[in-house]
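The structure under discussion is supplied below as structure tokens; questions concerning it will follow.
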């Protein structure tokens, strides 16, 4: 235990990849990367690489699954077979089913589903390369893809994990920190409203550490949110430049 | 073989658990043990523990499976993963499919299915702890749960296995007697009418032994049937005591 | 490699089973071998034994799969568990899915599907004993079974594989030649029109060898086609003999 | 040849009427079986095989053997497993896909008949090659090719006949007692005796042997049992939603010895003709 | 007893109205849990077991253990795995079949609560018998028998209670250090401390502990966390489409220590009564 | 970006009309392929990888390697296996779930192209580490990310390019010749040459190379073949319900050498740039 705690921080107090305790990894986001999907996003977050496609709102088949008063959201979060250390079988595992459910529930919170009775909004996420924090990155990418598809939203869902390493709360765990550290705590929220849509943890935390982690996560999410806004605005700016027919209805 | 034959009977001619050759194990039956189910039964039979829930008659989905002239009966007999010596995988095995089919066919024989066109009666049985004779115990419990759900029946199905141990026909095999003995013969019937709805065997029997076994089984079933009637009447008596509004329409 | 090349040909230039390079194995075909199926064929080809049943045109369920302007063709090509060297699991493997798709596409080419809107023609093929060239044999049998079912066709699909053994192009590879040889090239076609409906290969061929193989295959297919016609005509002749009510509308 | 129809109400009434008069639609007596033909050893790639034509029913059984580990709770026993496939080839109403309850029951009834008869000496060194480590796994697969009624008896007969002509490769146990070498030479699968299945159906109050397809679909109840050449009953299975009385069962059982004899005889004939045979060349 | 109905709009309005007045439909206070009973050691064939009646919810947890190979990346650790089944027995709306997302989440939340609490000393020689070769695989299976709301806390309590009375067979390691012999004698599963789960639901702006069935179906959001006897939070799970604020989470977490104490006490009681008990004999 | 529509009758008529005039909808000549870009080594967790943008089609191929047992019938050979996923990400009409016939065919055609080309020296000690006991299992997984037509050629190119930059960890064989130790250091996967796939489509009587999405959906027949750098044809696959004549096939095959050259060149470039690359940063 002692060995673990110290080995993940260097003598200068920095993390193994050179980051400060509260420093995010580099993040890039690109929307409209796919021609066939209604909306899409390619996001890199450290060594994570995530692609997300959105279809809809569209008619739901089979029809008996449809809701007469609103659209449903279907989410598939998958790990590519080669995205992890040991090759994963192509069949989804329990972890992928659980995260698909949690991502779906988070997205539910910002979608105007009642505007699309009997419809479905389908969100397909594939983690192409995994390096810790994939569910938060996936949610961040999914929001951009939903915006890219022109689906009206109350706000974006933005995620960022915090965790505990060498008895310290740190921001945005890498794969190694997640595996060898003392705990992982993914958080996702609508940053503008302060509504938290996802909160999990595993590991060992005191109540005070959880509170500190939550506060750190919210601050980091604020930073990620800025990038997210830029990525979506970039597309509109580009379109404006080309078509000259859109105003600034986007906040 | 000789070793087996003798080792299952003690010097005084009794069986390893102290029973006489034709003696049943202790049986308890309790109906209405579940709040959500329309009818239910918890039954113990030696070390067997079985729970059964009944739903219906209710509408059948998908509708193309429904019969316009009668209800169908669907039965799921399952072994809990921890009910057997080696942990069973949660996915049902061939044995569970076969017994579900046979239990369904037995129950068909006493239900007024034509009273509920397009409907389904669903019987879910889980063996929580298994100790030989589970299919007979399951049928016995299912009849009580069906009565508990208020579903009209021509009679009860009551089961009891017999078998061959040390060249003798004995009643109600335990798990050990089933495994190390010479043969198992489960029987189930509507005791009042003498209609036999289930008869199987595996092992080695002469025709005379089968006939003797059948006769022994019917006698034992008579004893189990008495307990079954009491269990169902107990509920009615209880209701009478509380609500005072039911006559003695039950047999 | 050198060892392989020579060991599959004997000193007299013949193949291990005594055949000449361009010689087919013995083939027998028998239609109407099954009572329940609308059409059927039992075909032996060397040690291959194949049975095929055809049902239809019949209504397709579930209906949303039906095409309003034509029938669809469904093909299941399966290997019996005991038809191969190592016992095959009963669940179909990827090879069986691929060949089912290719056989279906070949049959599509000769069926008047637009005559049977909303319908389905179901072709079930089981390889009971496998000895190389099963897909070609299966297509040959399926055509006879379709004719046996009275389904109107533009022509027959007839198949025959060629391959490369000891640097020579040979006709109709056996299992051993397929496994230890240098390449396999299955071909199927409507011989009368020259339309090739199936062409695959694996192994190592020069372009000239492929061309030579194609030419050899077409010649061999011509021979198989004669047998196929006879097998179908045999049935009609038989019927004529018995019922005396059919003319010679069959070519 | 035309499309198969499910036995409808009218057809069942017709059969029932006949049975009340003591007659069967195909003219058989109540205890009369249909003609049965076995063609042994028809599959070259199988270690043993048999095609059975039982009335209008056609089945094909094949045996494959491979060396493997014994089950942990029976380390000194070879392994046998029976699998059935009611192929969509056999009838317009039989669908493809994973085995349904009917197929599972068929496989398990055939399996129990053979397993419980003890005719396969599982502890024989020919089956249990290195105790606890290497045993023969015997796969018996039965394909229903034409569903003409009474699948259980036909499948059981095919499985037994396939075993009767099965040959295993001889093995040499390596010095370390851990591995074995397979030789090309084969020897017959060891076997002590034989077993066959007898199935009765009940419609209204008529009970008869060997239901054909119409009778099979119209039946209210079914009773099958397997009997060995020693007259031992090693498996019974009552099926379907109808019922039998105690007397009906005992009456049926008393027919066993007479009816099983010709079937057991046919099986023994099979083991005498191990050369490769041709199927689908026979006619009644 | 009558058929279960899905909580409709009216029912949800009713609950919501009450909650706005600070009341719950069953009269409980917002931080009041329902009565909880544990009956330990009820399954003879299991190495450990417990039935939990938590309000109207009934669950049964059983532990089976078998020797097997460790995972390649943790060769010196025993293995633990939690599986859940929301049985169709438990409610008319719960269907049978492969586990759906709700069942998977339940199993994984219970699994993480136990695994991350580190109360199971996986490297203990009693669990890791021969490092790299033979370790105990501990299967915890939880069956939901009556779905009366708050399945997570009930399932987590049952799983923990079953572990508390689990006994493993003693083993002797053979001379070659490759194989082990199982003895008949048993000893308790090693364990360092205990853990329990606490679940809160949110409807409108009301947050309350231990939702009953109506509250469970009407809830907009759920928050569960697992706390050990050392006051450590080892697992959290926010669920459903509703949201919480940061303040709401911290307020909930501050209730943890008080609410978890009686649950942990009950678990310890279980480990003191290892003789076989009878289930379904209790009443509140 | 808007929802994809299935090519309708009108669209097919439009394409057909153009083809009759010798023109293609995107202005290409009949034997002209679309622009192709390969970005090698994009996945850090993979042993080798490549993203391919082929016209509007985007695929990602990754290679994972693990030590395992060889197949019993090829004890001295490493193992290679190709798997494909036509992800629902790639098109509104591609559904998730177990692989359908189209996906299975794609995977098997790519697999055969590589396997039969013999460019992977399976018996090389670098792949067959301890004959009969430990060999490298090479998994090639291809994900279709954007379905813009001609998936076979794009997938085959990605698979080959991923192999070209794959590096395996070096191994040390332990003294007992039974186990191996993996080192951190890596070395290139052994490889003898290269192979690429060429696909032609047929609409009416027009045959053309590299169908785009509209042409792919409107095509009546498809013919793909794989050709090595030695000019050897190692795999052919005719697909769909349309037909070809013998002459059409020979005409197509004669185009092989010319068309395959630029693809093989691109693959070799990939193996020269093993450092990690960034995908989705390119534009035509």
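As written, the chain order gives the labels A, B, C, D, E and F, with residue 1 at the start of each chain.
Here is the rule we go by: a contact is a pair of C-beta atoms (placed from the backbone, for glycine too) under 8 Å apart; a residue touches a chain by one contact, two chains touch by 3 or more.
Keep in mind the model is a prediction, meaning the values are calculated, not measured.
Among the other chains, which touch chain B and chain C together?
D
Quick check on the contact graph: shortest path length from chain C to chain F, in steps?
1
Which one of B-E, C-F or A-F makes the same contacts as B-D, at least in over half of the residue pairs?
So the equivalent interface, with over half the same contact pairs, is C-F.
What whole-Å value do you get for the distance between chain C and chain D if each is reduced to the mean of its CA atoms?
Measuring from centre to centre gives 31 Å for this pair.
Between chain D and chain F, what's the gap in Å when you average each chain's C-alpha atoms?
Once rounded, the distance between the two centres reads 48 Å.
So the centre of each chain is just the mean of its C-alpha atoms; given that, what is the distance between chain C and chain E in Å?
So the centroids are 58 Å from each other.
What whole-number Å value describes the gap between the mean CA coordinates of chain B and chain F?
Distance between chain centres, rounded to whole Å: 58 Å.
Mark out which residues of chain C touch at least two other chains, giving numbers and ranges.
In chain C, 86 touch at least two other chains.
Please list all residues of chain E that touch 2 or more other chains.
99
For the protein chains shown, what form does their contact graph take: line, ring, star, complete or other?
Basically the chains close up into a ring.
Which order do the chains take around the ring when read from chain C towards chain D?
Moving around the ring in the direction of chain D from chain C, the order is C, D, B, E, A, F.
Which residues, counting only chain E, touch chain A once they are in their complex?
Residues in contact with chain A: 73, 99, 101-102, 104-105, 107-108, 112, 115-118, 223, 225, 231-246, 249-250, 253-254, 256.
Could you list, by residue number, the parts of chain C that touch chain F in their complex?
For chain C paired with chain F, touching residues are 86, 94-95, 97-98, 100-102, 105, 108-109, 183, 185, 189-190, 194-207, 210-211, 214-215, 218.
What does chain F use to touch chain A in their complex?
Going by the criterion above, the answer is residues 1-4, 42-46, 49, 56, 58, 60, 62-64, 66, 83, 85, 87-92, 96, 98-99, 139, 141, 143, 145-148, 278-280.
Per the contact definition, I'd like the list of chain C residues that touch chain D in the complex.
Where chain C meets chain D, its residues are 30, 32-40, 42, 44, 47, 49, 51-53, 55, 58, 76, 80-87, 90-91, 122, 124, 126, 128-131, 148-149.
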